[in-house]
Structures are given as structure tokens and as C-alpha cells.
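Common to both upcoming complexes is chain A, partnered first by chain B, then by chain C.
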Partner chain A sequence: MASDPQMIASQRVVEDLASRLRRRQVVGSRQSALETLLVLRQVVSRARFSNVEQLVELIRSVGRRLVDAQPKEHSVGNTVRKVLHHIREEYRTATEGTAPTPAVTFSIAKFVSQGQPRRHMAAPRSDATSVPLKENDPDDPDSFARTLKPVLMEAIQDVFDELETVYDNISKNAKDHIHSDEIILTLGKSRTVESFLKAAAHHRNYTVIVAETAPSYGGREMAKSLSSAGISTFLVPDSSIYALMSRVNKVILGAHAILANGGMFAISGSLLTATAARAYSTPVVVCAGQFKLTPLWNLYHEYGALDFGDPSAVLGFEEGDLVDKVDVVNPHYDYVQPELLATFITNYGDHPPSSIYRLLKETYDDEDNEL
Partner chain B sequence: MSDSAPKEGQPLPSSQPSQKSMSKAERRELQERQRATKAAQKQQQQNQAASSSKSKGQSTPQKKTDFGRPRSSSSAVPKDAAKDASGALDSEGPKTRGLRIFSHFGLPKTLGHQLKGDIHPAIIRLGLQFSEFKICGANARCIATLTAFKSVIQDYTTPPQNTLSRHLMTYLSPQISHLVAARPMSVTMGNAIRQLKLEISGSDIDLPEQDAKDQLCSQIDHYIQERIIYADSVIEELAMNKIKDGDVILTYARSSLVEKILIRAHAEKKRFSVIVLDSRPLLEGKTLLRTLTSTTPPIPCTYALLPALPSLIKEVSTVLVGAHSLHTNGAVYSRAGTAMVAMLAKEHSVPVMVCCETYKFSESVMLDAFGKNELAPLKFSPSETPKPHSNLEVLDPLYDCTPPTCITAVVTEVGLIPPTSISSIPLALGKTNL
Partner chain C sequence: MPPKFSTGKEKLLGDEDEVLQAVVLADSFNKRFRPLTTRKPRCLLPICNAPLLDWTFESLALAGVQEIFVICRSHSEQVKNAIAYGFFLLFSAEKTYTFASESRWSKPGSGIKIVPIMTAKETFSPGDAMRDIYTRGLVTGDFVLVMGDLVSNVKIDEVVKAHKERRKTNKDAIMTMVVKESGSKHRTRPTGNSSIFVIDPETSECLYYDAVIGYPPKTVANVPREILAEHPEVEIRNDLLDCSIDVCSVEVPSLFQDNFDYLDIRRDFVHGVLTSDLLMKNIYCYVAKEGYAARVQDTKSYQSISKDIISRWTFPLVPDNNHPGGEVYEHRQGNKYIARDGSVVLARTSRIGNNCLIGPSTQVSDDAQIISSVIGRNCVIGAGTLIDNSYVFDGTTIGPGCIVQQSIIGSGVNIRENTRISKGSLVADEVVVGPNAVLEPFQKLSKKRADGDDEDIDSEEEDLEFDEELIKAKLGTDSNAIIWPRDPPDEDEDEEGIENYKNQRFMRLGDDVADLAYSDEGSLSSDEDTDLSDSDSDSDMYPGTLPTSSTTSLTLESSVVAASDAVAVSEFQAEVTQSLERAFAEGHSVDNAAVELKTLRMASNVPLLRVREAVIAAIVEKIEIVEGGGIPQRQEIAKVINRWGPLIDKIGGVDAVETVTLLQSHCAKSKRLPLFPQILVALYQADIVEEVDMRKWHANPASKGEGVAPGPMKDGLRKCWDVGAAILEQLNQQESDSEEESG
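What follows is the complex of A and B.
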């Protein structure tokens, strides 16, 4: 199979993305998710498989390759899992025929005896299908792939659309979350939070305090962008977050990845803000797209995501004589526990941290948690 | 911060001087102002757009008699006629609630060159050093102030028909206001000046002038020695006993006292390492870092910015911070960011020790950082900071208030005390000493 020109082309595309991820030329959850999706689309369109397991294995190996290149970008793995989930779903619909499985009537008795209704239990009906799927046909090995591919491409396009409309969907209900004359605190630069706040500004008059988040200082850009959209903004250094917290009504943060227990990885400084908010009982709201949902736990690492930034941003070479005498620590992300967060606003609705596990079960398949 | 509100024209019924005492012209002016304020409030309810460009508040509260503030366009309505005292960003246009609630912080004032009366050159120099932040830190400012006052007192001559004990105080008042105009007075300076005034009023009338002045100068020296220098060495001793070999000490920004403690502990051959946390606007931690690493052998130090704290707190054994002032309810008023350090340390059960001399006690109660605070001048913002305009304001508060629940102990020269017992210290010292 390796000599097949299609396979080589796919491999090249995958390698290209892997090396770009490793060199950090692709940074940011949404960006990496989009790039991964493009690669997966190419791989699927060029793939040759005679049954679904082969396709799944192919996608999985691609996923493993990409995740190994950059384990800190969780959205890469998430996108792969999502695509696998869609593939399996489409396959199931195709083999079970056009008629959907009979609606499972929900009753307490059945719930108690059988547990949660799961779609896997429905027996596939191989007869009376309008589109016969011939798996492992020795005469025509490509027929399976040919019949299934258009549906798969559609499914991948759905994931694409979801990624493209993330900001719009999250901002849809912005005006219900922010009231007039509120004072909102936010950190650094998150495009999700930015579009959320700008959408709310159309309907409400409120104030935003933006903390500068050293050492990336993304807050400066955020403040500039928000104020040019007509929102009255304050730019403050991180040291005054606690001082100003008594006046803040809500804290809105962005996330890098949402973890399986309802916690999150977010930009360094978020844990301090969330803890200060708890001291004043201020709700902490997180805006994140669902592609950031990760079936991962953070039990042992206190350094969020084990990702460190460039130390010269903290202590540059201008302080030449200090550089070799001092250790400099510059963690990029924080891990924020679920107890500190009030709700996640995602493009498919609002969820408290305690129901993130449910979302995970619905979005991904269990067997994909380890790619 | 003392808001010097204009005496006349405040549309508050309680503080209006009686109509009869004002002349006809003044009464008419008052009516005009009240009418304008009412119109302003009505208009402010209708629209919110601040179209007028921002005019930097040159109309500082010091201009008490000048009410000719331009009421140019109807949109630039000074709805802050009732908030003259803020002195910042006036004649702006109706501002949203958010921009208003921080307006009492006031902008850092540029040192006006209107020198009322003769200000002693030492005081002028000191004022300039304060406003440029060349002298920074509660102890440093207090010592510098007292030293400057010593030279003022030496150069002072009592005018005829006056006694030193009565006239010197009135002579010093404009000097003090000049310093306050440069930077709001610190609690340390306030306490020291109060003590100085007490000494002045208690000086013997019969003493010849030079002797009286010498006595005052020696009392100032005595105050510095006793309340600051000796207190510091006692505190070093006490705090040093809490540092054991193998400890990791965390400190925030730069406290002169913590610096002395660490250097002293290192000199006593204790092996420990230090984590220095730092943050804008002043980034003072780098100075501390320089001092700590220039000892021989250098103290092993780690440097990080404030958001990195949660990653480091797990390894810390003690947190040592300094204070600007201590209040009766146990709250600690210190550099902005200390509250977050203390709060997170408490979460992880790391003891927080605040090192503070007793002369920093203040009798007021502080609930949060809003009642009293100071903004750093814009020169500390790097060039990448966006320029302020009608919707954007850049605030750099310098201080914040750590609640007493986050503090484990306060180290003073009278011992280690829990923050809740702070109010009893002045009593124990004998009230007059505070």
C-alpha cells in the first residue's frame, strides 16, 4: 500500500502538518483544529479501504502521528476523535438502513434495568437497505469506499462548519449573560471572549476590565480591540486583579482545553483570577468552543499542560548580569479546578462543569480516548 | 486621599453656605451652576455617546477659585460638577458607570511649579524625587522626609515676636503640602510628621533657638534610629529564627525589610533559596534580585511574574512580604499583588509572614483597596500600551489591601503577633508612642 501514490500524497500532507505543529508554526486551538481537519479530509478522500475498521485504523494512525508531534495542542486530538465519531455514526446509519432505529421510549423501569439507552445495542438490519454496502468484496475492493466516501465528506464538512461558526454560536446568547452596567473582568486575548463581549455590546452598556496577563501581554490588544468596538474598557496590570475584584460582577475567561473532570487549561493567570473571584463569590464564566473538549484528566501535574514559554520574556538579556545567576519560570498555562468555575458557554449551549463528562460521552467514542 | 473640593458651588444642600453671605453675583453663579447640573443629569440619562475627545484634566482640584471651566459644547456636559473633587477627566461627556467609579483614584498629579511661599530646596528636591519614583518604598520615603526636615529646621530662623514652638509648625505646613502634591503621603510619613509636630509643640520656650533646633534634630534622629533602624534589626532577628535550612522563601516585589532579613539569614550561614515574584507596574523585584545575587556565595534565586505563582506555590515553605501600613482590623496595605500571593498561599497552607515596624500602624480600618489607593504615572507603562481615549483607560493601582484572614503572623519589633491582635499594640506601647 505504501507504493500507492495516493497514500504517499496523504502521508506527505500529514508529515507537513506534523512538522508545522512541532515547530509551533501552527498555534492556537482553533487554528490547529482547522488544519487537522483539512489534513483529515485529504486523507479520507484519498484513502482506500474495504471495511470500516481499516478506515478507522488509518485515521487513528494519522491522529497518533499528529498528537505525538504536539501533545500540548489538545484540539488536534479532539478533531481526530470527532471525525472518528462521525465516521462510525455514518457507517452505522448506512448499514442499519435508511429507516432509523425505532425510537426508544424512555421509561424509568427500562432505565433501571438496562441503564442508559445506547444506540450500539440496536441490531443492524442488513437486509432492505437501499444502498447495499459490500464489505470486503474480493471482486470490487473499492465499492465500499466509493459508497461511503460522499457521506463521510459531508460529515467532515459538518465539522468544518461547526468550527467556522464557533464564534457566532457562542455569541448568540451573549446578551442574556451580561446585564446593563455590569463590570466584567477578563484576561489576556481570547477571540472567543472578544466576540462574545462585542456581541453583547450591541444590546447592553457595560464596562470591561482587562488584565494585561504578563508576560504575553495579550490584554493590551484585547483592550484596544474592545474599546474600538465602543465598550468602555480599563486596562490594568495583573497585580491589581484582587484589588478590583470587589467591584467586578462577573469574570469571563477563555480556555485552551476543557478537561474531562470539568476543569480547564487556560492562560497563566486564570487560576489566580478564579481564586480571587471565589474569595468575593463572583461567578467565573468560561467561553469555549466544543472542539476544546478533551477526554483528559490532570491529576498529577501542577504546571498546567507542562508548557513553558520563553524565559527572556520574563527576564530578558538586558539584565545581563542576572541571567546566569537566576532561574526563570514562565509557565504558559494554568490548570483551573472545576470547583472554581460556574459555567461553560459553548457553541452548543451552556453547561456546568459537572456535566462535562456527559458532553464528552456524546461527542466522542470511548474507544478513541486513547488514540 | 484628601479631595480638595471647591468650597462654593457644590450642589449639595447640606454644605451650601448661607445665601446671605454670598454676594449677588455669586448667588447668580450658584444658580446657573445648579441649573446646568440639572440639565446635565437629564441629558446624561438620554444619551451615552462620548463624542468629544478627551481633554486631559488640567483642572486639578487645586483651582478652588477658578470656576471658569469651559462649558463649551452641549455634549461636553460636565456632569461631574458634582464630582469636581475627582479632578480627573472632567468636561468629558457623560461617562458610563464603570468609568465613573474609578474616577476617585485621581490621576497622578504633575508637580505644579506654583510654589506657594518659600519651599526649602531640600524639600523641592525631595518632591521631585518622589514624583519620579526615585525614592520608593514606605521606609525610604519616611527617612528621606525626616532627613530633609532636619535641614529645613537647621536653616529656619524664628521671626521676631514669634516662638519656635508655634511658628515652626506653620512654617512646615506648606513644605508638607508640597510633598503631598508630589505623591500622596504615606502612612509612615504621616506618623513621623505627627510625632515631629508633637515634639515641636512640646519644645521648651526658654531654650535659645539653636539649642531648640538641635534638640529637634536629635529627636528626629532618635526617632529614625529607634522606630526604624533598631526595629529593623529586631525584626531581622525574629524572622530569621523562622527560616530553616532547606527552606524555600517566597517574596513579592521588593520590601526593604525582607531584603535585610534574607541577607542577614544568609550571612548567618542558613541555606535557603528564594523565589522572587514580580509584576508591573513597578517591576521592583529585579532590584531585589540584584541585591540577593550579589552576596557571596549568591543566594539561589528563582524569578517569575505573578501569574506563574500557582505553579511555584507547591514548593514554598514560607511567604515573607513587607507592608506599607497595617490597620486596626488587621488588614495589610501593601504593594498591589500582595493580596493574591497571600490568598493563594493560604489556600495551600503556606504561612504568610508580614514584616512591619510598629511605626507603620494606622488607626483607620481598611476594608478594600478602593478607599485609598494611588495610580502609577503613565511613564511606567511601556510603549506597547494602547493610548487612552474616550473608551479606554489605563489604570495602574500601586497598592492593595490584604484581608487579615490570609495572613498568618505579623513580625514587628515587639514580637510575632497574629493579625487580629494588631489593634492592641498601640495600647501596649503606650498610646503616645504611635
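What follows is the complex of A and C.
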């Protein structure tokens, strides 16, 4: 495989992203998802294959490589799964000559949500292409790839567009969730939550309380950004979350990964907030893009999944004497159980934690759960 | 949307504009890790189950370095093979190396080019290595200089950026050192080898550097007076951890080439450049606020850096993420790392304490206990064995009932049952110890050499004598080891400076040095002289024009050396006069004359003030006294000053106040006293002396002649001062006139 110069080139792209993921030079779910898509696009455009299994295996191997490089960035694997799902769909369309009719399959996403984006609206494309697909053609092994590639690129482009518009689609229904004169509590800096709140501010007049979210203090940035958008904002220390909870109408959180059981990983402090919210029966709403849907459910058994950072944010390196005597842990994430959450707002509509498994089944193919 | 797509590609291409180079000195040039390093270079010793050099490469890769030159000396073949074929093969217990796979660094996707450079065996110091870099012409621009034992996550690219920015305005800023703030008692801070940095907090220029060793205790640090005089605010810091990451300009290797006596980068080069007036180069410090960087320079720092890695200070360079050895570890509660591939066998009754790392395919038997230790690959830990704060390399077997405390056990070692390895022991590769042996603390063992096995033998190893019977008695019947001498060498043989035995104890694993008084604990005001203070006696022996700064807590020696140097000074003055006369007579250029004076000054080691004094005296004497004064006299003065005046500022350092003071004191005792006002005016017109300087001089009570015994000297000084007052008056008037005119 490595003898092919094109393969080496795409291999290099993969290695480059893998090492950047490994060194945490690419951080953030959306950023990682975008970078993964770029790599997949290059790999597919350069790949040589004569049947769909080869292509799927190639993408899976790239995906494995990237996921192994940074197993804690779930959006990488999710993006690969999503692309595989789209490729299979396109392939089925091309071979059978008929577009799968989405209306036939029962979709809980449709059942629950009203404002869901219609993603299967595109007319059956491959009907136009009268050239029959020939797999494993011994005379012209490239013919399969040649015919299918434009459709594949389009499929990847679809995933890409979805990522591009993810914030807009999530915040589209913001005004249905936030009502006038409500007090919203949020945590840390999440782009999704930020755009959601700002979108709601066009229609409603409400107050946001932002917790500082030590030790990253993303809340400070968030508060600045929200108040500059004209939203009445309070910045409070994390210690006062519980005390303020009685006055809060709704807690809105961002997520790092949504798990199949309806739980989620989110910035540390989320568990504290969600637990406090439960004590006052305040609904906890999670805003997250579809690329955060992760077909895993037992991650919370794993201690390391919380992604422990370096202790310097908690205990300064210059505190020489203490460093030797104190073990400091600085987890990036909290695992929040599904029982503590009310709703997930995604670009596929709104879902209760209990139906996330169904959404996952629709989004990804079962055989890709293990890359 | 489409433009977004191309950003990724552009980023890749944009990096190629300027390749960031790094030079890794992969040799330690000392013997602190012996006997572990007798058959293996230090940079290939594993720390947290990955070779040191790999951690260094990863640290550099994090910082965006694209080209790395590795300078290797001892066991250079091994280093070269490790870079080309991957490290882990070298550590497999069997000696047959099968170079089947490539190392991750030689893969095309790694994005880094690593070039091993073999240097001659005669390279004995980092200085020699730098000279080798110069002769080979390896570096083409600013480069990062690190040691092959660095573990860091500091964003070196930011330091490089700051360095380049500085170079734009100041061509003499040749180097930026990365230092890290640590408390005075930090585990990673080397007590045996720390340093004093004198830093200007505003520009972060390093003004002075001095090395501190643990023993003999250093109680006095000499900071040159000029530094305190020139900078309104200085920080004298002893709490900085020297990361040994230097961003160097391309002329640094050539400076090493020019100064062939520079051996150590810190003690000789930095100290030398900062104290030299000839070089006129500046070195800056970058106090890293974020990030971690430290060097494994001795067994003690080996331990502390292992602990730092395990407690994740080096994030994202931690075992469960981006492990340089390419292994995957599972992070468990309490910072325990267990290899993830499922090959580790932990018996149900075994206990793994906090802060442990256990490599793949290792077996831990029943009732074994492991506390804050690192266990390599393919190790077997016997039943009921206790391993406490120890570092066990790959393929080692430790039998049942053993106790290993604060020690480093090499790879392929076999420790038989019921053996006790006490703190501070180093057991080299493939040694067999036991059964039932008891090692005393700080024992060093290595394998007996088989005949004909003569690859890379350390010369000192051959000198070791051993008595077979004694070893059998001490180390057990199956042992194949020899014991390295442990006691301090004879007093007269002891090396001076950093490598002396007692100082080495500060760098030794497990040694708490309770019985030695050392630098950090001793009071600063002790009157004991140190053996390091041989430098810079020149800087503070002469009473300057400014009062001694009382803000520094460091005692400055003075007057002790002054008497002994008096003879040398008078000789020097005679030579300066001669040299200047020659220059006047033969009409040298000012630059040439200045170089000659600097050389003279270096040769006789006198303070700058003396040179200035001699130059001013010579210039004043050069002025011929024209009968009748008036305009011809003024022309004569202007001629001399315009021709030779600039020399005053070229001899090193500009200090106009001092110039005026010296001129005054010279005129006061010379017959050219009447010429003082005209010379002063001439200097003013030639821009050698500014009005501000004259005012400063004038305000100084010493210029009025205070403190000088009454006599012709005092009268002369007084006269000059009055004249100066008159000139200042005039200047004031002119100023107010011009102001009125303009107003």
C-alpha cells in the first residue's frame, strides 16, 4: 500500500493530524471533527479501490489511526462513523438505483421533534447516472472508483455542511426553550451554548448567570461575550451555584460527548451543577451538535475518561514544598448521569436522554461502533 | 464555506517558510548515572518506560521544531540506531536486534527530520560539541539548544518568537534562556547545581549569572557593581529552575569557537559573555509562566522528573496520552498507569499504590506491593516483594520476598529471593544478585565483563578490583556482579567544583544530605570565602561614583583585592599611556586604538574605570597649551577632542558622568587646569558629554572636592566645580533664551 505515492501522501496527512491530536495541538470537538473531515476527504479523493469494502476498510483504518491517537476526542471517531454511514447510503442508492425513502423507516427523531432539518430532501441523484456500477471489474479496476467518487465527495460535503451550520441549527429553536424574564444558569465557555443564548436574546429578554468554572475560568470569557451581546449577565463563583439554584429557572450546559445511555461528558463542574439542579427540580438542558453523539455507554467505568490535565492550574509549580506532598487531580470533564438531565437539544431536534440510543442507531451504522 | 476547506493545507505549507532547528546534545559529559551508563548512553535510559531522548524529541515536536541535530559522543552507534530503527528494540532483553520496523521518528508523517551527528571521542564538554557544530556549519539561523535529557511541555515556539522580535531591535541579543519559577524547596530543583540569575525585570535581560553548587556551601555571590549602577531595578533570583532550553542565534557556536576555553554552557559561556566587555553581547531570560521543563541530570532528578511525569505536570506528555514510547496506558485513580493492552498480570492480592506505572507484559505476584514506582516491560515481581520509590527497567525479574527501596534497577537484572536492595542503589543491566543478599545503601553494581566482550568499555571499569569470594559472600552465591567503590575518594584526589564527591551527594537518588550544610540552608552573611569567587574581583574593588546599593542582601567584597592589584594597575597605566602615545603618533583610527586598549585591559585584568582614567589623562595631555589662550587654544582643543574624544566611549561602556569626574580630577592636579572649561565645552559639543551628565556630576558632593584633604588638589577640584557651575549657568540661560524666543 505504501508503495503508491498517492497513498504515501494521504498517509502523511493522516499521520500529521494524528500527531497533532496526540500532542493536543487540535483541541475542541468541532475543530477535531472538521480536521478529521478534511483528512477523510483527501484520503477518499486519492484512494484507489475497486469495491466498496476496500473503501470502507480504508476509511476505517484511517479512523482507527486517528482515534488511537486521541481516544478522548470522541468527535473524531463520530465523524468517521458518520462518513461511513453516508458512504454506505450513497453506495446503496447507486447500486439499487433507488433512493431509500426516509419516510418509510420509523424515526423517533421525527416523532419527537417538529423543527428537525430535512436532510433527506435531495432528489435521488443516481437515477440520472445511467452508467451501471461495475464492482471488481478486472478490465478497468478504477471504473468503480471513478463512477462513485463524485457522489462520495458530495456525501462528505454533506457532513461538512452539517458541521458548518451546526450552531445555527441548534439555536434555531432557542426561543422555544427560553422564555421572557427567565433566569438561566450556564457553565464554562461552549460555542454552542453561546450561540443558543444569543439567538434567544433576539426574541426574549432574560438573565444569564455564568459560573466562573475554575480552573479553566472559561465562564469569564462567556460572561463577557454574552454581556457584550446585550444579555443581562452575572458572573458568579462556582461555590455559589447551589445557593443560587433556587432562583434559576433552567440550567443550560454544553457537552463534550453524549453517550448512548443518555449520559454525557461535560466540563468539570457540570455534575455539581446538575446535582444542585436536581435538588431544586430545575430542568437541565444540554445543547450539543450531532457530532458529539458517541456510540459508547460504559465510559464512566473508566477513570481516565475524565481526561486529567496537568495540576498547574490548581496548584502552582512554584509551590515547591507542596508539590511533593500533595497529589493534585485536575479533570477536564465530569460524567453526568442521564437521570440528572432533562433534554438534549441537537441539530437533529430535541431528545430526552432515554431516546439517545435510538438517535445513535439512526446516525451511525451498527458495524462501525467498533472502528 | 469553500475557503474554509483550504485553511488546513495552507497551515501545512506556511510552516515551511522558516524551518525551526534544534540541536540536542545527547551526551551528558559526566558520570552521574554510572554504572547504568557503562554500556548504554544516558539519553537512552528509560524514564517512565520511554527513552529520555524520545521525551526530548516529543518535547521539541510539541514546540513545532522541524529539524533536529543530535550530537552524540559515547555509544553513538546505539543512539544512531535508536533514531533510525526505534528505541524499544534496544531495550528488549535479548541482544539480537532485529531492525524490522522503523522508528516513529523516521516515518514520513512525523514531520520532523532528525539527523544524528557523531562527534569525536575527544569531545569532552558541551563547549567542544558547540565548536563541532560550528565547524560542521549545521545551523543556519536561530536554533534551539537543548540537552538530550529534557522533558518539557514549554511552548518553545513562543520563546523563539520573542527572541526573534528582540533580535530585530538588538543585534547583540544572542541567546534566550528558558527558566522556570520553582519554590526554593521544589523536588525538581537541583540543589547540587542551581544558579543565581540577575535579571532586569523590565527587559528580562540576564545581567549576571553565577552557578551555585551544593557543597562547599556558597555563602557569597558577587554581583558586579556596574550592574547595580546601570539598572534602577534588578532581580537577584535563586529560585529559578534552569530548564537548559536555550534559543541561540547563529553566532553562538562561533563564540564558542573564538573562546576555546569555554567548556560548560552556563558556567563558562553565559558567565563569560555577561562579564566580558569585549564581546558586548546580551543574553535574555524567559521566565516560563506556563508549562514544565526539567532535565534529568542526575539520579535525584531522575526520580523527581519521574514523579512529575506521573503526577501529570508534563501534560499532554503523560503515559496515557502521547507517551513517547508509543505505548498506551490506562490511567486509574490515584495516578496509576497500567499498560492497556491487557498483557499485565496483577495478582488479586497484590497491591499497587498511588503514582505507579507498570509496563506491558509485566507480572506482579501475590502479596507483592508496589509504591510510587515505575516497572518496565516484561518484568516479573515475586510474591511478597516490596518495591518502594524505585525504577525498574525492562525485562527484570525480582524474586519473592525482596525489598527494593529508592533504587534504579537496570534492564535484564535478576534479583533472587529474599534480597534487600537499600536506598540509593544503582544496579546495572544484566546483573544477578542474591539469593539472600543485603545491599548497603548507595551501592553500585554492574555485571562482570566477560572476556572478549570489549565493546565500549569504560576505562574506569577496568580498574575496578574485585574479590570473588567477597562478592559471593556479599551479593549471594549466584551473583555475577562487581561492586563499584562507594566511599569518597581521597581528599587530595577529589575533583574541584561541581563534580566533587560531596556535591555529588546532592544529586544522588535517596540521599537526603542531612549531615551536610549546604548552600540553600547556610546563611547568606557568612564570612567564609568560597572557591567560586575567583571571578569578578575587578568589578567591585574600585570605589565608584555612586554609593553602594544597600538594597542587595548579598555582601560585596571590596578592598581585599585592591592592594594586591595596585602594582598591576600602575604598570597598566604606563602601558596605556604608551599605547596611546603610539596611537597619537602613528594616527591610528579610534576603533583600532579602542581594540588595543580592550586587549590591554583584559590582559592585566583591571576595571574599566582605570582605562577611562588613563585615556582621559592621555587626551588631556595631548592638548598643547597655546600661549595667550583665546581662539587658537580653543581650536587646538576642539581638534584633539574631535579626533580622539570618541575613544572615551569606545573602550567599553558609556558613562559620561564618570568621564567628567575623571577629567576634573585629572585637571585638578595637572597644569592644564585652566583648560578644563574649554575641554568640557568641547566634550559637550562633540556629544560625548550631555548636559544631564554635567548636572549629575555637578550635583555629586564628591565633585565639589568634599572628602579630599585641603591642599592644591582640593583647590583644583573646587575651581573646576565652580567653572562647571558657570557653564551650566550659561547653558541654562541659553535654554531660557531659546524658550523665550520660541515662545
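Here, the second predicted complex is superposed on the first by the 331 of 371 C-alpha atoms of A that agree within 3 Å, B and C clash if a C-alpha of one lies under 4 Å from a C-alpha of the other, contacts with A are read in each partner's own complex, and residues count from 1 in each chain.
Just so it is clear, a contact is a pair of C-beta atoms (placed from the backbone, for glycine too) under 8 Å apart; a residue touches a chain by one contact, two chains touch by 3 or more.
All figures in this text were calculated on a predicted structure; none of them were measured in a lab.
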When chain B and chain C are modelled together on chain A, clash or fit: fit
Chain A residues touched by each partner, larger count belonging to chain B or chain C: B
Which superposed partner A:D16 touches (first chain B, second chain C, both, neither): second
Partner chain(s) touched by A:V328 [first = chain B, second = chain C, both, neither]: both
Which of chain B and chain C A:F234 touches, first, second, both or neither: first
First (chain B), second (chain C), both or neither touched by A:L38: second
First (chain B), second (chain C), both or neither touched by A:S268: first
Partner chain in contact with A:D350 - chain B first, chain C second, else both or neither: neither
First, second, both or neither for A:E89, with chain B first and chain C second: neither
Chain B versus chain C as contact partner of A:R24, first or second or both or neither: second
Partner chain(s) touched by A:E319 [first = chain B, second = chain C, both, neither]: both
Minimal inter-chain CA distance - chain C and chain B, angstrom: 9
Shared chain A contacts, counted only where both chain B and chain C touch the same residue: 302-304, 319, 321, 327-330
Contacting residues of chain A [partner chain B, same complex]: 181, 183, 205-208, 212-215, 217, 220, 223-224, 227-228, 230-244, 246-247, 268-269, 271-272, 275-276, 279, 302-304, 314-315, 319, 321-322, 325-331, 334-335
Chain A-touching residues of chain B, taken from the complex the two chains share: 48, 95-99, 101-102, 279-281, 286, 289-290, 293, 298, 300-312, 314, 335-337, 339-340, 343-344, 347, 368-370, 373, 384-386, 389, 391-397, 399-401
Interface residues, chain A side, partner chain C - complex: 8, 11-12, 14-16, 18-19, 22-25, 34-35, 38, 41, 68, 70, 72, 160-161, 164, 302-304, 308-312, 317-321, 323-324, 327-330
Touching residues (chain side chain C, partner chain A) in the complex: 1, 4-5, 8, 12, 58, 61-62, 107-111, 153, 180-189, 239, 290, 292, 307, 311-316, 320-322, 328, 330-335, 354-355
